[in-house]
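As structure tokens, here come the structures.
Below, chain A partners chain B and then partners chain C, in two separate complexes.
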Partner chain A sequence: MADFGFSLHPSSSIDLDNADKRLYKIVSELEPDIKKCIACGSCTASCSASNLTKVSFRQAILKLDRGLSEEAVMLLKGCMLCGKCTMTCPRGINTRNIINLILRYSDNKKIK
Partner chain B sequence: MKERIIFGYDAFVLPFTIGMIFIILYLGVGLVRIIAALSKEDRIKLVKSFVSPTLIKTIKDIIFDCLLHVKIFKKNLLLGYMHASIAFGWFMLIFIGHIEVMIYTPQRNGVLYYPVFFRYFVMETQETLRGAFFFFLMDFFLLMVLSGIGLAIYKRFKSRALGMRRTTRLSKRDTIALYALWAIFPLRLLAESFTADISGGSFLTKSINHLFHNFVNNSDHILPVWWAYSSALGIFLFALPFSRYMHIPTEMLLIVLRNAGIKSDNTREGFAETEIYSCSSCGICIDACPMTTQKKNLNNTTVYFLRFLRRRNKRKPIVPADKCLMCGKCVEMCPVGIDSCRLKQFKRSDVSENGAKADYTYLSSYSSNVKKGSKILYYSGCMTHLTPNIYNALFNVLDKANLEYEFLDKDGSICCGRPLMLSGRKEEAKGLIEKNSMLIKESGADILLVSCPICYKMFNEEYDLGKIKLLHHTQLIDSMIADKTLKINKSDKSFVFHDPCELGRGSNIYRQPRRVLTSQGRVVEANFNKKESICCGGSLGSLALSKPERDAITKHSIESLTYNKPDTIVTACPLCYKTFSQLSGTPVKDIAQVTAENLI
Partner chain C sequence: MSGKSVLIIGGGAAGLESAAQLISLGYKPVIVEKEESLGGNIKNWDRLFPDGIEAKAVLDGLLKRSSFSDIYLNSNVIEVKNSNSNFTVTLSNNNVVKADSILITTGFDVFKAERKEEYGYGIYDHVITNVDLEKFFLSKHDERINSPKKIGFVHCVGSRDEKICNRNCSKVCCVTAVKQAIELKEMFPDSQAYCFYMDLRMFNRGFEDIYLEAQSQHGVRFIRGRVSEVSEDIDKKVVVKCEDTLSSKPMKIKLDLLVLMSGMLNNSSSTQLSPVLGVKLAEDGFYKCEETIPGGNKTNVNGVFIAGTATGPKTLPETINDARSAAIEIHNYLNSTING
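Coming up: the complex of A and B.
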């Protein structure tokens, strides 16, 4: 195929049959704050790690909510838990706990 | 002096004797188990501590902490007296009992029950000097213990009178042991009073004997009372290993192990087990915990965390471990000195064991662009990046003093790793430690300057920076004011200094910030200060504490700080600064900002 120098964005539709919301359920039960997110992106903007690598809390909880647990974990693996996002969050979400819980309750073997 | 009973035995000694044999066996097995669970290096440390001056310190600590309870005296005189009178008085009763046996009936040496029931078996007149002396001592110490028990009963109803706002909820086993303990000494008094006209007694026992002459003189009543006394002892000894009173024997072992330099390396075995069993459930940590403001989170305090661990409950310790602010106040206030924060970190680490691990391989491509050869290297850390006015003020001060510095993480920092450590991810933190160490060493600086106490503690304890000297900015400012590099304008404003957890309790820096502030104005103290300072509520130590709960702590802390109505709240931690700024009515400033304002 001819290379036009651009490509189509992959479809972002969610296949409900493959959505795995187990992790979201565990995390939201332990830390209901996760439902408060307004996806403003303050967390990502202030993030120490996202300066250097692909870490995005906002995206991660969005993915988690959509059942893409593995992708969410991949987005948080570089997090240093420094807590800047907690300090900047306008909704007062306990972001560190959510990140910690996502890492804690995701299955290490499944994630590359 | 003569023995009343030829064989030196009566059946009433059985409950006590069986209880005593049980407890000796139990403690023996426990000791072997704990020593066996220690690592090899720890055992070598333990042996070495017996052949070094540490031994003297250990003996001193055991006398001061286990017998005299000096630490509790410092908290509250009455509370201290309550503990010391029971512990020291009881010890003296046992000790003098043994001396009596040694002097009067050496043939009974080694008979377990003889020193305890000496008055029953041996008659002695108080006319002889020796008799009168021992009788007096025994009665005196019995009175001492009884006064302690009286206070303990009073404390059940009105704990505030003894300086404790809240006390622990007792478990059933604790209650049984507690009532047995309370019963022992009144029963002893009664039993010895019954035999006082036969075996002799002093001001207490003799007086009771005279007072209730008709009732007490009936020798038919003697045995039942001695039975009751022995049974109370027996019940207490049997309940001891399963109740909080296990702290009595365990605390001595804890002191020995701690002075040998041993630390816990898991949540339950070895040294950790000693710590858990040394907890007396006194509940001092409940009042100390910042989380318990407005009567919240009472069940998430250290005492219950340790209780859950002790019962080997898998699930229940997680909540208190995750909620804890790790401010270290309970550790500081604990009369036994249990490092519970460390245990909580291990608990967090256990829970996260099977989860995904953080990955910092991306750091390898990061390089700083600091100029080499500058004397001072400044590391702001993550939090100070959120409060740039702190480092700007600090740079003003440094410029004024004509000091050259380099800003290591100007374009975004790599976290020091302490938040990871506190979350129980010590292994993962190593990736950050390695990278930061490399960057710092590469810079060739002599001094590493930090403005965040969290980083300070981390660099201090977990990094090996070689010759590079670590300074918190309060230390640097303090020394610059002392050697007159900085000239300061003293105003008539009043300051209160908030001791950040990691700087005060964590790194023992209390004097320097106060000296700095004294040179610029009047320093007033907070209601709770220094070691008792209340966490600002923003602590990175806590994982699960919600925003409203944190806000309650912040307000409580501000209340304590503004107790003496200062003009400004001064702190030395970017996290405290940011947390307070959001809720405080009084202006909040970092110590660098205050100094920058008062420069001449």
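Coming up: the complex of A and C.
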């Protein structure tokens, strides 16, 4: 077949039917609080790291739910575990536990 | 005239409307009000959403239609003797009232905004509440409001917040913020208003219309993010921080005036009153309804009924409808006790 110099760009849409939710599943079993988020953004707004880095707890758990686990992990790498998000969350989510679980289990070879 | 009497605890919108309906059904209601005048929370309000009707006109109508009632002001219920659903009620000023039925219409408490310390109410010079703003509309005077150019509204203050133990949505704040933003914009045409929201709940007829009006005619900007903290700069401007969740970026803005939309909590009197009546409270502190469908006016005590925001946040029209429904429940109950 002749090579015309075109290639297929991977789709940027989220395919929920085939989303890889393994990491979300592990974290949500160990800390069901992750299901309670209403995406109000209080965590990111109060975050000590979010002004200078890409840290965003709200976005991270959304990405995780959509199967974008690697992006989720990247959004938590700069977290200093200061705990302000736990204090401000209107749903009382144990953010620290979720962050720790995501970072711990993302290294798990079975998930990657 | 049936001669049967109904004791109504609380002389706000629900109490007054049910009294008016009970009067037209031939009963003699007795209203017990803890304040020195009737009216409850409507007294503090200037205009009502969505049409801008004057609260005073609504209250005057309620007072007129319920004026045949016996009224005890500055009074609380101290003791209730229940003998086979014949009630003997002792009030705080030693008055004793006999009643064939009791209706609880104790309403709600406005959330005390100073409890959310991070929003700076009572700490910073230009942070007020929705109630303060209505008082300003009535009195035209508040030293915290000085021709503001940039005005913010914080939705869900004391609502949908586990940290202050209130999980409920207060229902009325979204549309009230939109109404108040339009009113302030009309008073201060050079100003720009911002609403900080988590979800906009424009659930009733006409609500979407004023939301649209706020956007298209008054340029009100809606920012989807819950305010995380408020501070004050050296020029006494209010500095608001939130995440602009739709652009996924932390956001900061300096304002001349910040309005906190304080929500509805259960009336604090309910912790004292519920054991006196033997009526159960739900986990959220509001009174428990025996059945939510078809109607929420029955309590666990035979002969004791309930209406209005004592069973959870409601708009004024919902409260008035609920009060009418309670009057009919009581009418049916008193008729069945005559026949049975």
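Everything that follows uses one rule, which is that the second predicted complex is superposed on the first by the 92 of 112 C-alpha atoms of A that agree within 3 Å, B and C clash if a C-alpha of one lies under 4 Å from a C-alpha of the other, contacts with A are read in each partner's own complex, and residues count from 1 in each chain.
Here is the rule we go by: a residue touches a chain if its C-beta (ideal position, glycine included) is under 8 Å from a C-beta of that chain, and two chains touch if they have at least 3 such contacts.
The structure presented is a predicted model; accordingly, all values stated were derived computationally and were not measured.
Asks: Quick check on the superposition: with chain A as the shared anchor, is it clash or fit for chain B versus chain C?
Replies: On the superposed model, which is not a single observed complex, chain B and chain C fit side by side.
Asks: In the superposed model, which partner reaches more residues of chain A, chain B or chain C?
Replies: B
Asks: Looking at A:79, would you say it contacts chain B, chain C, both, or neither? Reply first, second, both or neither.
Replies: first
Asks: In the superposed arrangement, which partner chain does A:42 touch: chain B (first), chain C (second), both, or neither?
Replies: In the superposition, A:42 touches chain C alone.
Asks: So, A:100: does it touch chain B (first), chain C (second), both, or neither?
Replies: In the superposed model, A:100 contacts chain B only, not chain C.
Asks: Report for A:59: first if it touches chain B alone, second if chain C alone, otherwise both or neither.
Replies: Touch status of A:59: second partner only.
Asks: Once the shared chain is lined up, is A:26 touching chain B (first), chain C (second), both, or neither of them?
Replies: In the superposition, A:26 touches no partner, neither chain B nor chain C.
Asks: Given the touch rule stated above, what does A:51 touch, chain B (first), chain C (second), both, or neither?
Replies: It touches chain B and chain C both.
Asks: After the superposition on A, what does A:88 contact: first (chain B), second (chain C), both or neither?
Replies: both
Asks: Can you give the closest approach of chain B to chain C, taken over C-alpha atoms and in whole Å, for the superposition?
Replies: Nearest C-alpha pair, chain B versus chain C: 6 Å apart.
Asks: Return the residues of chain A at which the contacts from chain B and from chain C coincide.
Replies: 46, 51, 87-88, 92
Asks: Going by the contact rule set out above, which residues of chain C touch chain A in the complex?
Replies: 118, 156, 160-163, 198-199, 224-229, 241-245, 248, 250-251
Asks: In the complex formed with chain B, which residues of chain A make contact?
Replies: Result: residues 30-31, 33, 46, 48-49, 51-53, 73, 77-84, 87-88, 92-94, 96-97, 100, 102-108, 111 of chain A touch chain B.
Asks: Okay, in this complex, where on chain A does chain C touch?
Replies: 38-47, 50-51, 56, 58-59, 87-92
Asks: For the complex, give me every residue of chain B touching chain A.
Replies: Residues of chain B touching chain A: 322, 351-352, 354-360, 362-363, 365-366, 382-383, 385-386, 411-415, 417, 419-420, 423, 425, 432, 538, 540, 543-547, 575, 578.
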